[in-house]
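Comments concern the structure below.
For reference, chains read A, B, C, D and E in written order, and residue numbers begin at 1 within each chain.
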Amino acid sequence: MNLSGIPILTLIVFLPLVGAIPILFFRRTDTLLIRTWTLLVSLAEFVLSLSLILGFDPGATGPQFVERAPWVPTLGIQYYLGADGISLAMVLLTTFLTFIAVIGSWGAMDTERCKEYAGFLLLLETGVLGSFVALDLVLFFAFWEAMLVPAYLLVGTCGGRRRIYAAYKFFLYTAVGSLLMLVGILGVYAIHIQQGNPPTFDLQTLAATPIPANLQVWAFLAFALAFAIKVPIWPLHTWLPDLYSETPLGALVLVTMLVKVGAYGFIRFAIPLFPEAAVTLAPIIAALGLVGILYAGVSAFVQRDFVMVIAYSSIAHLGFIVLGIFEFNHQALEGAVVQMVNHGISAGALFLIAGMIYARTKSTSFDALGGVAAKWPVLGGFGLVAMLSSVGLPGLNGFVGEFLIVYGTFIARQGYAVVAALGIIVAAVYLLTMFQRAMHGPIVPTLSGPDLSLREVATLIPLVALMVAIGLYPAPLLNSLETSVDQVNGHVQTVEAAPSAHVALVREGR
Amino acid sequence: MGMIAFVIIAVVAIVGAAGMVLSRNAVHSALLLVANLFCVALLYLSLNADFLAVVQVIVYAGAIMVLFLFVVTLLNPSQRETPDQLHGQGWVAGVLAVVLLAEVAGVILSGVFGMIKTTATPPAVDWGDNVHAVGALLYSQFLFPFELTSILLLVAIVGATVLAKRRL
Amino acid sequence: MPVITPPPVDLVAILPLLIVSVSAMVVLIVGLFVRQEQSPVLAAISLVGVGAAIVATVALWGQNRVAYSGAVVADDFFVFFGVVCLGIVALTIVLSSEFAAREGFSAGEYYTLLLFTGAGMLVLSSARDLIVLLIGLEVLSISLYVLTGFARERLTSEEAAIKYFLLGAFSLSFLVYGIALMYGATGSTQFDAIATALQSGDLLRNPLLLAACGLILVGFAFKLSLVPFHMWTPDVYEGAPTSITAFMSVGTKAAVFAALLRLLTEALPALRGDWANILWGLAILSMVLGNFAAVTQKNVKRMLAYSGVAQAGYMLIGVVAAGTAGRNALMFYVAAYAVTNLGAFAVVQGLSGKTDENTDVLEFDGLASRSPVLAGAMAIFMLSLAGVPATAGFMAKLYVFNAAIQGGYLDLAIIGVLTSAVATFYYLKMIVAMYMRPADAGAVAIRVPASLALIVVVTVILTIQMGVLPSFQLNAAQATASLLALH
Amino acid sequence: MLAPLPYYLILSAVLFTIGIFGFLFRKNPLIMFMSIELMLNAANLTFVSFARYLGSLSGQVIVFFVMTIAAAEVVVGLAIIVSIFRARASIDVDEIHLLKD
Amino acid sequence: MVNNVWLVLLFPLIGFVWCLLFGRLWPRLSGWIASLTIGLAFVAAVSVLIGLLALEPGDRIRIGTLYTWIGSGSVSVPLGILVDPLSTVMILVVTGVSFVIHVYATGYMHDDPGYGRFFCYMNLFVLSMLVLVLSDNFLLLMVGWAGVGLCSYLLIAFWFEKPEAAAAGVKAFVVNAIGDAGLILASSLILLTFKSLDYVTVFTSAKETLAVGGGTVTAITLLLLVAAVAKSAQLPLYVWLPDAMAGPTPVSALIHAATMVTAGVYLIARASPLFTLAPFTMGLIAWIGAITALFAATIGLVKPNIKRVLAYSTVSQLGYMFLAVGVGGFAAGIFHLMAHAFFKALLFLAAGAVIHALAGEEDMRKMGGLWKKLPFAYWTFLAATLAISGFPGFSGFFSKDEIISLAFTSDRGNVALGIIALVTAGLTAVYMFRAFFMTFHGESRVDEHVAEHLHRPGLAMVAPLVVLGVLSVIGGYVQFPGGGFTSFLTPAFTYFGVTPATESGLNPTISGLSVVVVLLGIVIAWAIWYRNPKTATSLGKSFGPVRAALLNDYGVDALYSLVVVGAVRGLGNVCSGLVDALVLDGIVDGVAESVRGISVGVARLESGYVRTYAVAILTGAIVIIAFMARGGV
């Protein structure tokens, strides 16, 4: 399909925003209308995003579906969108998860906060999508920051009891990091201009700008802090359990995309812009990823709440992703991207299931659960598959990513790979224990209500189908990533290929 | 000769100023300030600023200070000040003032000699009729600010009227 | 006997000033004959006057007229700030219309003074002579002293007036003394003459000159409420009628920054190394202390006052960084801040009630359910002040930090972003109150008067437009700034 | 006949400082205000002195403007002071601090 | 015919999907369909065997590929299967024994509410095992590998309302996950070394690529060994298997006989081209096997629960298989694997019949004298017991005898291993006949009420017993004439240049010794538990501490729960309770608090006093002037 001439990315990015406008004018009490509308918008968005698959050329180097227009010409800021395989995967995942989130929130949205819920959800989608396709640093930063606001408001207005604390913590944590990234962006820009180039925030141009090594490290750290907080990399993670435990569980399906934006930021921006610094600091960051895997793993084990376990497991999974990103080889990075997709699917499904439990019991604490799988076998069955997907069972999606990451790590740093493998065991420990505590055991008397409704089953089926599909036939996903992954690593490999030049640059810098 | 006169006037001016600041009675303060303003007017005269000297006496010492006195008497003048709630304010004020004076004096003394134009003996100027000269300048080079002052005064009048309207 | 040769009269160059002043007088006179309930008529007349003045200002675009022996200039820089300042006046007039229609309110004088502040600001942004600058500042200040005390039923209003007045007069003395020393050092008060005098370089290291420059900066710092000259700000902002607070917070800053930038770049470029250091320190102090102090404020107006202190610090970065980038940044920031803060104060006014007293943060609890429009608008303003993308505030911060980094002031940029993070703390507090806390049990829906709604809508649109499509204003700013650089 | 310029300048600096001291030291707003007048006068004296030594008249004209400004301030300032303190028992700026943190 | 191998996979898949979708709706039908599909898979497996036999012995290897499963850069892993004698034997055993167990389960699980779910898991179990043995590369092997782990988890925790069942399931999965981790790392290392995960590529180039006894091959094999040890319940990772008895009995039969635990042996046999390059690992395997065999056998002596005794016997027999492959007798290991599949399945099913009859009673102290009431169970259990004990003529005799003699005589074997194997053979006879006598002979200790309502097994349960009984007796004769089984299997190893150690006919000395030992064991058991059961009690008393140690698995289980679980829980509490909540959040909240504190402090300067403000202004002015003038001359 030829998509040239159609600003397809713009349409995709801004459709949810436009779709959110009518919600302003709907009556607060008319939740059915609001929900139906939101569902339609998210569905239309998903279908629209599918068209990208048709126009995508997996072999092409560089971004596709490019849209480029001057935005603030005096500073050289452009409205510059484009997607490569990695972006494409993330965009599709986002639109898909939004759709799922809306169906998954169907019951939970039926409150007086429906308008806010629906509106912020759609706005969040725009922010996330924009971050995935922006190729101008300022544009990216704009989406990146703008994405925080609806997430913050969503949690703050529709969240649980400690929502205000959680929302505050989330916003401030991330705000500090992102603001320093702004300094980093402007710093790179300034260096670019000082070298006599015309002003631009174009990612590709700036990535080609040679930056002295000592400055690179600082600028990289400015970027990395923002992404590390968002991912989150240990020890910057404490906002995440709080946020996740207070976010409405349906919406959480989409909120999990926020952490992927962090990981994406490393891949798309931090590493290509500052390859030397990335290489220098990779052992440390990868080590932090490892610490996160084990740390979050053992922490998850002692949690007393279903959602908290998944929250910590997310931190552990993101640790794998970070590890994969900072090995700078094909398999590790590809595995990391696959794992980003997987995390969206697996954690999304688990959160949906938590939401379904919550809808029946008004609690996800282990103290109030037990025998759920016996009481509601269908719920238990879906929970099982989702849990296994998160464990990384071979044959399901999680394994593909985990194996590629472990293998990629093995190539570069074998000790790290061994520790990562230990993390896989720990994951089995806490996820199985979680399942045992919540789903198994005698049925507690407080459980009441029917098994999954047709709508709930319909919510989960696509996710489970994806788990199996990616687990058994990941080729479409992997193929679309091949070229893009090499391009990202290409920035680094030129550095590694010329170690002497690297050293010389370091000396020059000092 | 000029020096002696200057010193006398200066001493009186400083004493007047200090008295104004330190006097417990607001009426006394106002009168001491008038004395100071008068001394300054004399200095203006010594500096060939005849017109300003006159204006100083008429407008400042005359109109403005009368206004002050009027208000002072209006607002219960005999009242004594209560003990200062801000402890050590006097000391702080004194020390800061001295520091500032030292600074400014230092700046003046070290700076003024660097200015070629002003370190030489003053030019023997003949501004002729000072009033005329000032007027000429006012209506030529300073025409715009001069017109602006009309707005300023109008604002002041309107403001005073509004404020007065309410309780007087 | 010298012959009086008045300079050529150039009414066109000062046409905006004339229009505003004449309308002020018209309002004053008409006000005498208008009954209280007809006060909107006065607002209408004032608006017409301001509108005409805006037109006259815009008409001066590209003309670059220097008039009255070089005392004033009507260049594009002036046009930019003139439009901003007059726009602020216009919005304040609309904002006040509800408030001014109350019983026992001297509406005629109120609008007159408001228009005169406009005159003062026009003078400030076109002054090329320290004396003209001084008089313009006084016109603005004296009007404001009176306007601050206008909420007569509140003791706090009067208190604010006297505090503002006493401290304003005190700081003015420094400014005047500074001008005196500057005159002594350079022999003139005209910007180009001063610049010429400094060109030789003999004077550059003269302590007297430098001290004069410092004293002048003190005067400006007070008006811009830069730390440590800011302490009047919270008290005065809290006490003044909300519409006047709104005006003060943005109008004074806009005009005084215009004057400051013109003074520093046209008269004292030779001293850049010196004044930049001072302003660098003031900017840091203002950003840090302003933001920190705002965190625990319980009164919205006080909070916005401290926020204003901090924002002035950010604007100052533009001045420090100088160059085209710095000037653009300052101009954009001023405009963005004006729009956003006016809007925010408009919302505060909408809540503050008849007595203009309910400005506690608690009043905002559950505002989203009492008035979704006001809450939504306030949220956007808060986000803009916090510098979140898609709002004017983001672009402004982007410009300023960019200018800082380009100018080699990485430290300012870093402190700027870190304090911005602190600022987020209290801006979010408002959003938390409005969206995340329930309203009081007895709270009722808020009636939003049409005039207020108009302001809110206009400012929201502008806030977002400047964040999303900033080029319009930027182009204006750019062209102006590059013109300024020719001098 | 004429004292050297620094004498005049120092005198005005002294007067200026006394004004500042008065402003800080006194609680009576009227006297504080008078102190401000004193400071302005000191500035004026500086203008005139420089005018004389520069041989330029414009300093004198400027003083004229400063006087106007002072007058305008006095008018408004006194009105404000009166409107506040007329109803009060004491004339003391420290008494008015409803507005604080 | 060889291509029918796809059907071997397809049928269980169909059964699984059917049960997944309709298991709840039509449980009975689903049970039959599940059994039928496994039966069909067996038929298909037989046809594969026939097809394979039609080929030249040196050409009995076929590879089929469906599609590229994981392709990432230079890494390309196909979804492919490998048919050779080894995998053919495995699929035959797996499908055959599984089919029998399925049929049996249709009777055994008759009244269970989770009937449909049960068969769903069972079929998935068989499917996973088939994938495991048919895979042509290490990564796809891992799919089956983890799949059987998963199904064991699901089936052990089948009655998950019982907390101990749920816990046992978790334990099984977690221990298996340790093995999976080893396998992932092993695969990574293999991939890194050979740039491929295909068996054929890896094994054919192993000798050129790797030095004998080199670090890489030792590392690879050790990692593979971790996986094998976990899966085959060898020391020190055997702990999950005894607990796995919490599942229904057919599950135990399936896990212990047909699937799952044999995977470790299979893996070592399959990767023999690598293992033979790593003498250290081979020695380790042999020793692990020998010690595990002995260790589990001693525990089996005292356990009162019939299924637990069988479980430890499995561990012990697996030890034999490890010993066999460890000394290079890959074919012998597989031979014992097959024989063990028959008699162990039979033991479990017969025991299941007893348990079923006694309404779920598993404690042998509450059995006894059942031989009259449950004749089928009695005779089949006897046959299986004789087989496992290595009674001459029964299947276990041939396979075990081969292992013992290899332990003594093979290049990699030694006397110590042989003696351990021999002693264990005796112990096996003792504890197996102990179980036999306690269950079927002596006075009935069965609960009165239960005894009156004895459930007699139906045809669905009896028929499998008979089939397996026959196989247990005659299964050993596949070696005749002339080591037929071994010679069929050997090409699978020689193809990659591995020559499995074999016995040249029966070694009379060793065979005689082992027969003596076995007979001795039977006599001892007879003396203690049949002739005068009081002897057992008094013996137990006089060896009190030893008995207690054996009953508690030498304390291994307790050590695990203390060290492993305790460590994870302790670390978890430190991380989330201390570091997160106090340190990290403390820093964050501390920053927020100090911002607030500074804010209050700064705001306090705002005293409301005009003159204070003036002081600030003046101070600022002084500083500024000083700063400015500082630059002056």
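Please note the rule applied: a residue touches a chain if its C-beta (ideal position, glycine included) is under 8 Å from a C-beta of that chain, and two chains touch if they have at least 3 such contacts.
Since this is a predicted model, take the numbers as computed values, not measurements.
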Chains touching both subunit A and subunit D, listed by label: C, E
Minimum number of chain-to-chain touching steps separating subunit B from subunit E: 1
Most central chain, judged by mean C-alpha position against the global CA mean: A
Label of the chain whose CA centroid is most distant from the centroid of subunit A: B
Far-end chain from subunit E, centres as C-alpha averages: B
Which of A-E and B-C has more C-beta contact pairs: A-E
Centre-of-Cα separation between subunit C and subunit A, whole angstrom: 43
Between subunit C and subunit D, centroid-to-centroid distance (C-alpha), Å: 26
Computed distance of Cα centres, subunit E from subunit C, in Å: 78
Centre-to-centre distance between subunit E and subunit D (centres being mean Cα positions), rounded to whole Å: 97
Subunit A, residues touching no fewer than two other chains: 172
Two or more partner chains touched - positions in subunit C: 131, 135, 138, 142, 145-146, 149, 162-163, 166, 170, 184, 187, 206-211, 234-235, 293, 297, 425
Subunit E, residues touching no fewer than two other chains: 592, 603, 605-606, 608-612, 614-615, 618-619, 621, 625, 629, 632-633
Each pair of chains that touches, named by its two labels: A-C, A-E, B-C, B-D, B-E, C-D, C-E, D-E
Subunit D partner contacts - residues on subunit B that touch it in the complex: 1-3, 6-7, 10, 13-14, 17-18, 20-21, 26, 29-30, 33, 36-37, 40, 43-44, 46-49, 51-52, 55-56, 59-60, 63-64, 67-68, 71-72, 74-76, 79, 81-82, 84-86, 89-90, 92-94, 96-98, 100-101, 104-105, 108-109, 112, 117-119, 122-123, 125, 127, 130, 133-134, 137-138, 141-142, 145-146, 149, 152-153, 155-157, 159-160, 163-164, 166-168
Subunit E-touching residues of subunit B, taken from the complex the two chains share: 85-86, 89, 92-93, 96-97, 99-100, 103-104, 106-107, 110-111, 114
Residue numbers on subunit D that touch subunit E, as the complex places them: 20, 23-24, 27, 93-94, 96-101
Of all residues in subunit E, those that touch subunit C in their complex: 592, 595-596, 598-600, 602-603, 605-606, 608, 610, 612-614, 616-617, 619-621, 624-625, 627-629, 631-633
Residues of subunit C that touch subunit E when the two form their complex: 162-163, 166-167, 170-171, 174, 205-211, 213-215, 217-218, 221-222, 228-229, 231-232, 234-235, 273-274, 277-278, 281, 289, 292-297, 422, 425
